[in-house]
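Have a look at this one before I ask anything.
For clarity, chains are labelled A, B, C and D in written order, and residue numbers in each chain start from 1.
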Amino acid sequence: MSDIKKSGVSRRGLLKAGAVGGLVAATPSIFIKNAWAEEFRNNPENSGELKLGFNVPQSGPYADEGADELRAYKLAVKHLNGEGDGGMLNTFKPSMLTGNGVLGKKVTYSTGDTQTKSDAARASAKRMIEKDGVLMVTGGSSSGVAVAVQSLCQEQGIIFMAGLTHSNDTTGKDKRRYGFRHFFNAYMSGAALAPVLNKEYGSDRRAYHLTADYTWGWTQEESIKNSTEALGWETVNAVKTPVGAGDFSQYITPVLNSGADVLILNHYGKDMINSLSQAVQFGLRDKQVNGKNFEIVVPLFSRLMAQGAGDAIKGILGTTNWNWSLQDEGSKAFVQSFGAEYGAPPSMAAHTCYVQTLLYANACEMAGTFYPPEVIKQLEGFNFDGMGNGPTLYRAEDHQCFKDVLVVRGNDNPSSQFDLLKVVDVTPRAQVEYDWTIFGGELGPYEVKM
Amino acid sequence: MTNTKKPLLNDAFVVIIFAAAILAMPIWLDPIGGNYPDLLQKFAIYGIFAIGFNILFGLTGYLSFGHAAFLGVGSYAAVWSFKLLTMNVLPAVVFGVLFAGILAAIIGFLSLRRTGIYFSILTLAFAQMSYNLAYSVLTPITNGETGLQLARSDPRILDSLFSDGSVGAGLPSTDLFGETMSGYPGFYFCAVLLIICFYISLRIFRSPFGLMLKGIKSNQNRMKYTGLNTRPYMLTAFIISGMYAGLAGSLLAVTDPLAGAERMQWTASGEVVLMTILGGAGTLVGPMLGAGLIKYFENIFSSFDDNVLTQAFSFLPDSVVEFVVPVVGLFVGSGWHLTLGLLFMIIVIFLPGGLVEGFRRIVNYFRSGGKTKPQSVEAHNQAGE
Amino acid sequence: MGDLVLHLENINKSFGGLSALSDVNLHVEEGTTHAIIGPNGAGKSTLLNVCIGRLKPDTGAVTFGGEVLTGKQPHEIAQLGVARVFQTPEIFQEMTLIENVMIPALSHRDGAFRLNAAELLSRQGELRDEAEHILEDVGLKDMMRTEAGSLSRGDKRRLELGMCLILRPRLLLLDEPTAGMARHDTNQTIELLKKIKSRGMTKVIIEHDMHVVFSLADKVSVLARGQIIAGGDPQSVREDPKVKEAYLGGAN
Amino acid sequence: MDAIFIQILNGLDKGAAYALIALGLTLVFGTLGIVNFAHGALFMLGAFCAVTFQKLVTISVKVRDEGVTAFVAYKEQPYLETWFGDTGRIIIDYSVPLSILLAIPFMLLVGYVMERGLIKHFYKRPHAEQILVTFGLAIVIQEIIKAYFGANPIPQPAPEILAGSANVGAWVGLGNNLVYPWWRLIYLCFSGLIIFSVFAFLQFTTYGMVVRAGMRDRETVGLLGINIERRFTIVFAIAAVVAGVAGVMYTPILPPDYHLGMDFLVLSFVVVVVGGMGSLGGAVLAGFLLGIVQSFASMNEVKEIFPGIDQIILYLVAVVILLVLPRGLMGRAGVMDD
């Protein structure tokens, strides 16, 4: 732990720091050594290794998801360093990655716990940046954390490759030049879900929303509302529920006699598991309303959530970023090497984290330097394939990846303990694209003053 | 804490030692991996928070479970000051302290009508209401879950008066007359404030006012029948303590201009309670030690993954490493909470009175030439509720 | 003898239907020591509690030096110069003796509230001298740095007396100041109380021990079943047959 | 009318959960004077008794899914089913109610060990230290659970026959549209039963009399002297069992995870204090009151007038009650009010 390589302290800052503290002597002279040499923060040129910061929830409700993300990161590091079977390195196109580290430097990492709290996540990211000297931070399992860490990274001049974050804001209102999101967003969920909902449930439906009362919930509600109303659905009501409510009965019972025939649960994680299990207990799925079967839709799904909800998830429609049962070459290679390493299939969070790491590494190779502005320019507008989602574009204007979106259904008759979601439809990329200006926000500068 | 018998010189000495120790943190924390700006800042800031909490809890025995509300309000006020007025940190700090003080006056006025656990639950309820509202309904003011952040388009009225108003391509950073308040300068800024806060706290402990607060803790009835109106004393202590929390909150925003609702959650209130008890409630430096220990665990222990462990134990034979790393791994990295929980239990079981009591015992042990002395009554009472 | 300072007029107090005080009228002259005696459960402590504002009477009023005490907060009553020694000493157990006395000393100087956070306790030389003086008076000066909780019961009571005296009260209420004390301690306390008698404050004293009553009291009132049944100078009360019947019984 | 009726049911159901958690807490709080921050953890341990029991009865033959080669994917065929056919299936189906049989002895043991090993030494310590040590213990318990069971909630289905909804509307003559899940109705009855048992225990047994005396006046109980320590242990163990079975029965409503205890911790303290320290009846009353108030505050009609009221209603009601009634609904003087 005596890693005292101090970085990111400019000479000017130091002198004044001394003046402010009135104690120049108290500032160890060891800081000053590196301060001259670097033209950008945490330049790995001197150290011979590229250090990445994996900032994932290790405690709190998303700890399992975080653990899976961490597994994926470790796997990615292995593959980048030429260990293991290479995974998606073999299918990723166009790729300059050779399994020889990045730009000849061995990839190492540092981990931290976001606790799924903005403050803790930023503190953890700062530790990685200030103490461990990481050049890129990645991970996370909620939008609040992603937005918070992303803006921190912008200030610090460190690239942030978001993990699981689904809010439109991450690459909309709160987008940043240094932040990139491979995961899809609420808008895309809505756009992808709409045609399937139309096909399955028809265009004459009355929807009732229960929405987690915070920013992600609202953007998702809005996106789903827009796309279902475009189908001709009517929105009966949209009710906000407190985060972590636990027992949702008082929100579910009014649905019973509201005249709605579809319940849309804009919840994630534990909230979704609870509200869905309870809605099923209240017999919503056995109901007939307006002569139609009552349906429940959960726009954002993950396998871990499906596990928590148990039987309640069976037959429920939703979207997901990726699923291990996909049969394209990239997915197969990834599942193969992940499964061989850990004995279980990767979650969608693990997938996005793995892909993000590879994308960053590749951009460095393409730029021929670790200098962040150059790396960013390589990622912006980057077209790639072979990463499990078909041809994908990292849109330059908002740093959002555009790719096909999976519509899935909870598996009625799973063939194994992991076989919980069944891909119903793949909504092609063209249908989920949108004009980047609709969410506002601005990316900010490439160069960050230090 | 029999303060009447201590000469003033002693106190000046205490402050000087304290100041030296705080300002030299970058040096002596370096070997244990605690030397980087963010953690140093957190030590100083949560030190202020805990010292302030101790003025209420340590002196009067009133256990507030809602102090995070003041921390949060301090942060929001500071960020709004950055957004609306200026990036200079001084107004932000002033507003943070001011708003926290106002909120503390309101909450304190109502909550102090009750004592004991009823008081604790009242403060908890107020803080939880603040948190829940900030998280959802008050989003226009607090920006909800995402947290209140700066934007390039913020008005910053005062800044635009004195300069051309252009802030360059990126977000402006907080400053103290030109000196950026992130990194080490930010730490020194916080450290100086911490030292001032410590001095104020020491003066309160040593003042007639402090004696009155201790009297309230000891016997509220006697205070009343002695002709003292305990309510204004309590309220003042509550407000001072709330302002400390507000200062800490505003400093969180100064070093990192973002304010999130979770700062007001009960877990944050509980954290400062734990810090204070862990270090030693009612002692001068105890709360600061408790704050440092908890923050160190949260930031450093949580980062020890298999990688780090394997390196740390690389002096051992491989076969031993394979065994040791997973076992130790249970207690660090993602298991850091477990260690923290165990630490709470061990300290409170074996060291009633917290860390400070531990040091006292060590000192006593050496003074008495190796013979363990029965624990002094005086020391025991500092731990009191 | 001086004017009447303490008036209790038609005091009634009952607890859940049980009458503790009924129509009590009591008048205490300035500068006297007025003893209230009576069998257990006669309502003596309730009477004192009504005086200091700990209990609110159902009807009736307490006036002291022209001020109506009824309805005032305990601290307001105390600020008017009413101090009380309790049956179980109410002291600051965790604090040293000197601190115990400093608090009332500050209260006497600063009033009910003053934001004296900027001062230093160690700079209150005058008050401290006064406090030490009082401790000397009650014979506890040698122990001024020990913790009050570790004192014997008699010493605690003396400390509490000191804490009251430093307030320079006009009226001092003493609730069984010698209860549970050994004879030697009792005599000491009597001496102490006699000493302060000469200071000219009014005292109301509740006592079981007739030895104490007759050594100290100028006037005696007898309370039985919540009512004053007799009053007057000690000698006449001693001879009142009603008192004998209700209280002294065959003891004499 | 329908909506009001159903919200009352919701409120009662919620209240039953609150009251059950608060009941054990107030027993420990009011009688032993221990501020037990690990009480939520006991509730969570109870819930994990159900999980453990389910895992035990579903120990399975693993039938490998040969279609998946990258890792071992399998379908589970519980031994109980293969060996005992329908009987086995029924046991698995009823694993939640049956797991009470595991939870009662286990929680008794946990309560006993916890009291003898830890709490005992803290009776005379300041509340602050009780908080620190029990909070530490709660973290330790929860981290151990996390290490074994992970952080993800684990579904615990109610028995199939109870999985559906009862037509409560027809029972009370409000039409056929009012349904309520069987399991929630059972939970309501169950908590009524437990509350009744605890009260009966306190009312009609000698142990209970001592406990009640203790709640009224700890000093007196201390003076009674005879083996008071043993009784304290029993009280603590009973509180643990109450929390535990409450946790077991709640699992079909809320799939348990390791953090469940912390989620309920603050709430249970609010309920206990609003009910008033040292009063069992107060805790139960406060539980139901807060449950019903919360349900009504969540109605759309109310939320339209006061947006976000459902977020704060619990605390708002707590504040109002505590400001109006100095010792909560039914608190006794002298219990933890200084």
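What we mean here is this: contacts are C-beta pairs under 8 Å (C-beta built on N, C-alpha and C of every residue); 3 or more make two chains touch, one makes a residue touch a chain.
All of these numbers come straight from a predicted model, not from anything done at the bench.
Student: Which chain is the middle one, judged by CA centres?
Tutor: B
Student: Among the chains here, which has the CA centroid at the largest distance from subunit C's centroid?
Tutor: Using the mean of the C-alpha atoms as each chain's centre, the farthest one from subunit C is A.
Student: Which integer distance in Å separates the CA centroid of subunit B from that of subunit C?
Tutor: That gives a centre separation of 45 Å.
Student: How far is the middle of subunit B from the middle of subunit D, if each middle is the mean of its Cα atoms, in Å?
Tutor: Going by mean C-alpha positions, subunit B sits 33 Å from subunit D.
Student: How many angstrom between the C-alpha centroids of subunit D and subunit C?
Tutor: Here the centre of subunit D sits 51 Å away from the centre of subunit C.
Student: Can you compute the centre-to-centre distance for subunit A and subunit C, using the mean CA position of each chain? Integer Å is fine.
Tutor: That gives a centre separation of 73 Å.
Student: Please output the residue numbers of subunit A that touch at least 2 other chains, ranges allowed.
Tutor: Subunit A, residues with two or more chain partners: 59, 63, 67, 213, 240, 242.
Student: Which residues belonging to subunit D are in contact with no fewer than two other chains?
Tutor: Only 308, 311 qualify.
Student: Any chance you could list the residues of subunit C touching two or more other chains?
Tutor: Residues of subunit C touching two or more partner chains: there are none.
Student: Okay, what are all the chain pairs that touch?
Tutor: A-B, A-D, B-C, B-D
Student: Using the touch rule from the top, collect the residues of subunit B that touch subunit C in their complex.
Tutor: 2-8, 203-204, 206-212, 214-215, 217-219, 221-230, 232-233, 236, 240, 377-378, 381, 384
Student: Any idea which subunit B residues touch subunit D in the complex?
Tutor: Going through subunit B, the ones touching subunit D are 57, 63, 110, 113-118, 120-122, 124-126, 128-129, 132-133, 135-137, 220, 266, 270, 273-274, 277-278, 281, 330, 335, 337-338, 340-345, 347-349, 352, 383-385.
Student: Show which residues of subunit D lie in contact with subunit A when the two form their complex.
Tutor: Residue list for subunit D touching subunit A: 2-3, 6-7, 10-11, 13-14, 17, 65, 67-76, 146, 150-158, 163-165, 177-181, 183-184, 252-255, 257, 259, 263, 294-295, 298-300, 303, 308, 310-311.
Student: Which of the residues in subunit D come into contact with subunit B in the complex?
Tutor: Counting only subunit D, the residues touching subunit B are 35, 118, 121, 125-129, 131-133, 135-140, 142-144, 147, 266, 269-270, 273-274, 277, 307-308, 311-312, 315-316, 318-319, 322-323, 326-328, 331, 336-338.
Student: Could you list, by residue number, the parts of subunit B that touch subunit A in their complex?
Tutor: 23-24, 26-27, 30-33, 35-39, 42, 132, 135-136, 139, 143-147, 149, 152, 168-171, 173, 176, 179-180, 182-185, 187-189, 191-192, 252, 256, 258, 260, 262-263, 298-300, 302-303, 305, 307-308, 312, 333-334, 336-337
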